[in-house]
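Residue numbering begins at 1 within each chain, and the chains themselves are lettered A, B, C and D in the order written.
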Amino acid sequence: MFEIFGIPSQALFGQLLLGLINGSFYALLSLGLAVIFGMLNVINFTHGAQYMMGAFAAYLLLQHAGIGYWPALVIAPLLIGATGVVIERLFLRRLRKLDPLYGLMLTFGLALVIEGLFRNVYGSSGLPYQVPESLEGGRNLGFMFLPNYRAWVIVLSLAVCLATWYGIERTRLGSYLRAATENPVLVRAFGINVPRMVTLTYGFGVALAALAGVMAAPIYNVSPQMGSDLIIVVFAVVVIGGMGSIMGAIVTGFALGVVEGLTKVFFPEASNTVIFVIMAIVLLVRPAGLFGRTG
Amino acid sequence: MKFAATLAFAVAALFGTATAQAQDNVVKIGVLTDMSSLYADIGGPGSVAAAKLAVEDFNPAAHGMKVEVVSADHQNKPDIGASIARQWFDVDHVDVIVDVPTSSVALAVSEVAREKNKAFLVSGAASSDLTGPKCSPNTIHWTYDTWMLANGTGKAVVKTGGDTWFFLTSDYAFGHALERDTAAVVKANGGKVLGHALHPINTSDFSSFLLQAQASKAKIIGLANAGGDTINAIKQGAEFGITKGGQHFAGLLVFISDVNALGLNTAQGLVLTSTWYWDMTDANRAFTKRWQVSLPGKFPTMVQAGVYSSVIHYLKAVAALKSAEDGRAVVAKMKEIPTDDPLFGKGVVRADGRKIHNAYLFEVKKPEESKYPGDDFKLRATIPADEAFRPLKDGGCPLVGG
Amino acid sequence: MPEAPALLAVKELEAWYGESHVLHGVTLDVRTGEVVTLLGRNGVGKTTTLKAVMGIIESRTGSVRFEGKELIRLSSDAIARSGIAFCPEERGIFSSLDVKENLLLPRQVRPGGLDLDRIFALFPNLRERLNSQGTKLSGGEQQMLAIGRILRTGARLLLLDEPTEGLAPVIVEQIGRTIGALKAQGFTILLVEQNFQFAAALADRYYVMEHGRIIDHFAAADLKASTEKLHDYLGV
Amino acid sequence: MERVLDEPVLVRRRNAGRSVGAAFAVMVALLAAAPFVVYPVFLMKALCFALFACAFNLLIGYVGLLSFGHALFFGWASYLTAYAAKAWALPPELAIIVGTATAAVLGIVAGGLAIRRQGIYFAMITLALAQMMYFFALRAKFTGGEDGIQGVPRGRLFGFFDLADKTTMYVFVLVVVLAGFLLIYRIINSPFGEVLKAIRENEQRTISLGYKTERYKLFAFVLSATLSGLAGSLNALVFQLASLTDVHWTMSGDVMLMTLIGGLGTVFGPVVGAFLVVAMQNYLASFGQWVLVIQGAVFVACVLVFRRGIVGEIAAALRVRL
């Protein structure tokens, strides 16, 4: 095995791959944020809590209904997405004509409520969720032992991201979404029920977060605070990528996961901060973010 | 003016009651713990329940005393802990604070207790500094500490063949101390430390640290961390085939609540040191049964048992002095009379404030070995009380002469 | 054709932008098959009238009847679905959509809309640019796209807001011919226009607006007689 | 996307001076009498947060910028003050200056980066920058990591007043906070403040009038950061402790809640909000987990039905400015 800057290539490739796994979560979450932001002009601070709710939904489905991982992968996002629909209808819709900062504050408050409730009921030391049997074990890639489940996370997240991209950029329904992002008033005057689309879009973005939560459940413990720390990193990812494009959100998510992984090899002390430092640099060079549109 | 009136009303309504309470002869025990966060299952409501059981068993009426238990959540933040402690002592006439998981909070509360001359009985916090350089005539450290954990687990593991170590260390004072102490024990017993990886507190993804541990080929991966971090590290270690690859985890601070969170399937084989286990004696089982009335389905940790034990002993000392006013005097009394309670048996409190009792080395059972809920540990060794804790002279506590 | 029933009947229409009251009781009607033009200076409320009819301005009162059905309480998507199509002044071409997606965007609300081939017959340029980004088209092409896409919907009443604004005379001429052709095909059109020459060639009737009110109304036949007045109104 | 945060409370300016003056007098009287009734440490804490919230309000209420990272200034000032007082044994007045100056410098850096974007982006950037510095505080040696800096001596003010004395400390905190309050009031009613409000209403128009709005915004940001730092410095001395709590993002959330409850863009709102939130945290502590839920619910309620906040509603009802 050769070495790069004194680091065995083994460790390097291993960390790169791990970075990609983390990137999967960043990408799914920032994608959801981008989809929501596009239609609602709201930064969904509840996103972290909804990610957590996804994980809890998987856990509770298993505990109380005996429903395993595979069905949960579909059911949990639908359930949590439905709560998103309710949130949009009850709360966000009433703020549409106000400054988007109110949306941020509202979703922040909701995040506190949700996290508090879950802490209240489930404590905080985390609840276990097993890797599904069919994905147990792993394979030795030579440079590292890659658990099958983690490989699955990369594949699934990539697939969901690309499917979402395709759906938005290449389909009829997606053209409605893009058009409504640009000029909702006119799209509505073309006979399309934009408010319903907004509601469903929010539900969809929330469902993406919940899906990420289900995917995370077997890797991390299911715990009420799992979302709140992650969400701030994802915000930084979003600022770096800019809210310009769906692809931007996906690419930035994966790329920053990898960068973070590399930092863990070369300069572990900075692994928490590297994304924020990149954010500062990107802001200096390209205030609109890497994929953002100015103006 | 409406605004002024509102403000005045609000102020009066909210705070007016605070100072209204008169001084009386009630002994007030404040359980200051983590009710909502990382260590809520280690201490938390379970500690409050334990304290209440202790009061019940002490039977204050028989001693002509009145005892009240209050509780608050310090959220693992030293600032919140210190300000609650201050307010309890200043305003609410609390005489003693018990539990306080999280070393940083315990150190802060210890300062306040000393300043206000009240008693402080630590059960939840780990730092051996509490009876070392930062010892206080008002503080007793009851259940366990970092030195004891390092000594118990470290020595036992090396002696059973785990002679090469790699540490996953929580990157703050508690983790550093735990690693340092354990590394010293490992080396003293002829083992070798191959390396370490520092991880931030509350890390959700340990995979990259585990990869380093794996690459080190050390037999033992020592977890110098606590709570959720320990849980996550072990869980993800299983996923990366660490245990199947022949490496073993040594959890330096593992509680039964952590084991339950992990599930036996993942936690099996884990070696840990504890000073108390619910299923060891009939007295412990009886206590557990009563305790479970408040927390059904859970099992008390050593911290919660320590709260019980420390409260019993405290009340005995207060009864002997007939006053809880002077915290220093009560603590001195507690050091003077020997301890004896159903959970920890007979013991002593040392001059530096260290409570001395046995420690036990446990191994987590395999799922098939566990016959009923909570049947998690099997005993591997008993560390006698006089070996379990740091010798008095090594602590550097200014209270100890010479 | 004064005896024909009004396809669109607007009565006492009032509208507000936030706090400011912009329409003060607009009353007009458009009969099936007509081209009716709203004239007036900048800022008198012509565009607002179209938007209020379309429900784009939500705070409005009065009555808007289309085919006898009251629309004033409906949202703009429901109004569109009842069979009215709107082409905004700023054309509203979506930059994130290509030409084809722009064309296919408005919902088909009734059978009998023009299919793509017939739209390309009207606007041959569009066929070649089908895969370009919508906003990469020239101003004229964008206007054609904006009109073309609402022809697909099957709506028989078109609200066109200044379709000639900022376009070269050749293009204006082409748009004029197109509107003529649409009229011949039986579309009913309510047109807002500043370019009086352009409107004169097309319209059956005119309404003149000032300060959010209709101040005058005459048929094409009376145009000559009204020229003087018009110069006054429009300040030409 | 340069929308105004909210329709400002319409007021009659001629009443303004009188109502604010009267309310100020009442506030001072209440605060002077309060320590005889209320636990002084609680009062001092609430006062520090009142100053913090007022500083935060300067930015959101008068410039329309929502900073989600104000804990950065509060917390780092608190660290530096604590460190200066403990490790360098500086007298309290110098320790406070060290802390406040740190906040000012951080304000220049963070502000310089953040005001490049507006609205939600601004909020996210300030949040991310603060979080970065949170991790730095967690790692840095001098902050004591999880332990924080404990046992900070209060020292003797100007070598003369012993701040270990409760009453002296209270008077000191009260004087500093009132001075900060008056400074902010002065700023928002100065020509500079008028430009800030113009930016809030419509930045494009303000630019077209020839104002370099970026500079105004940056200056307001730095001012707000500095005063937040002053609050953090005081807080460190009151509790003789600087800890991670002070730099954590929940602190930024708290100050946002205080300002929102009290009333964005009102003079007294942040003060009222600070007292309410601090009281809530103190007196609901026994409810444990529910504090978070209650705080969140109050947030939601404020945003949905109560956007003017308490003081804003009162002011609107009385048709005065407060």
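Going forward, a residue touches a chain if its C-beta (ideal position, glycine included) is under 8 Å from a C-beta of that chain, and two chains touch if they have at least 3 such contacts.
These figures come from a predicted structure and were not determined experimentally.
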Chain nearest the global centroid, as defined over all protein CA atoms shown: A
Result of counting contacting C-beta pairs for A-C and A-B, higher pair: A-B
Centroid distance [mean C-alpha coordinates] between chain D and chain B, Å: 36
Approximate Å spacing (C-alpha centroids) for the pair chain A, chain C: 44
Separation of chain C from chain D, taking each centre as the mean of its C-alpha atoms, in whole Å: 54
Interface hub residues of chain C, defined as touching at least two other chains: none
Per-residue multi-chain contacts in chain B, two or more chains: 36, 200
Set of chain A residues in contact with two or more other chains: 119-120, 269, 272
All pairs of touching chains, each written as two labels joined by a dash: A-B, A-C, A-D, B-D
Residues of chain A that touch chain C when the two form their complex: 172, 175-176, 178-179, 181-183, 185-195
Footprint of chain B on chain D - complex, ascending: 22-23, 26-27, 30, 34, 37-39, 41-42, 45, 135, 138-139, 144-148, 150-151, 239, 241, 243-246, 268, 272, 275-276, 279, 282-283, 285-286, 288-289, 291-292, 310-311, 314-315, 317-318, 322
Contact footprint of chain A on chain D as seen in their complex: 1, 3-6, 64, 66, 68, 113-114, 116-117, 119-121, 123-125, 127-129, 131-132, 135-136, 138-139, 249, 253, 256, 260, 288-300, 302-304, 307
Chain A to chain D touching residues, read off their complex: 37, 41-43, 91, 94-95, 98-102, 104-106, 108-117, 119-120, 232-233, 235-236, 238-239, 269, 272-273, 276-277, 279-280, 283-284, 287-288
Of all residues in chain B, those that touch chain D in their complex: 1-4, 6-8, 10-12, 14-16, 18-19, 35-36, 70-73, 77-80, 82-84, 86-87, 90-91, 102-104, 107-108, 111, 171-174, 200-201
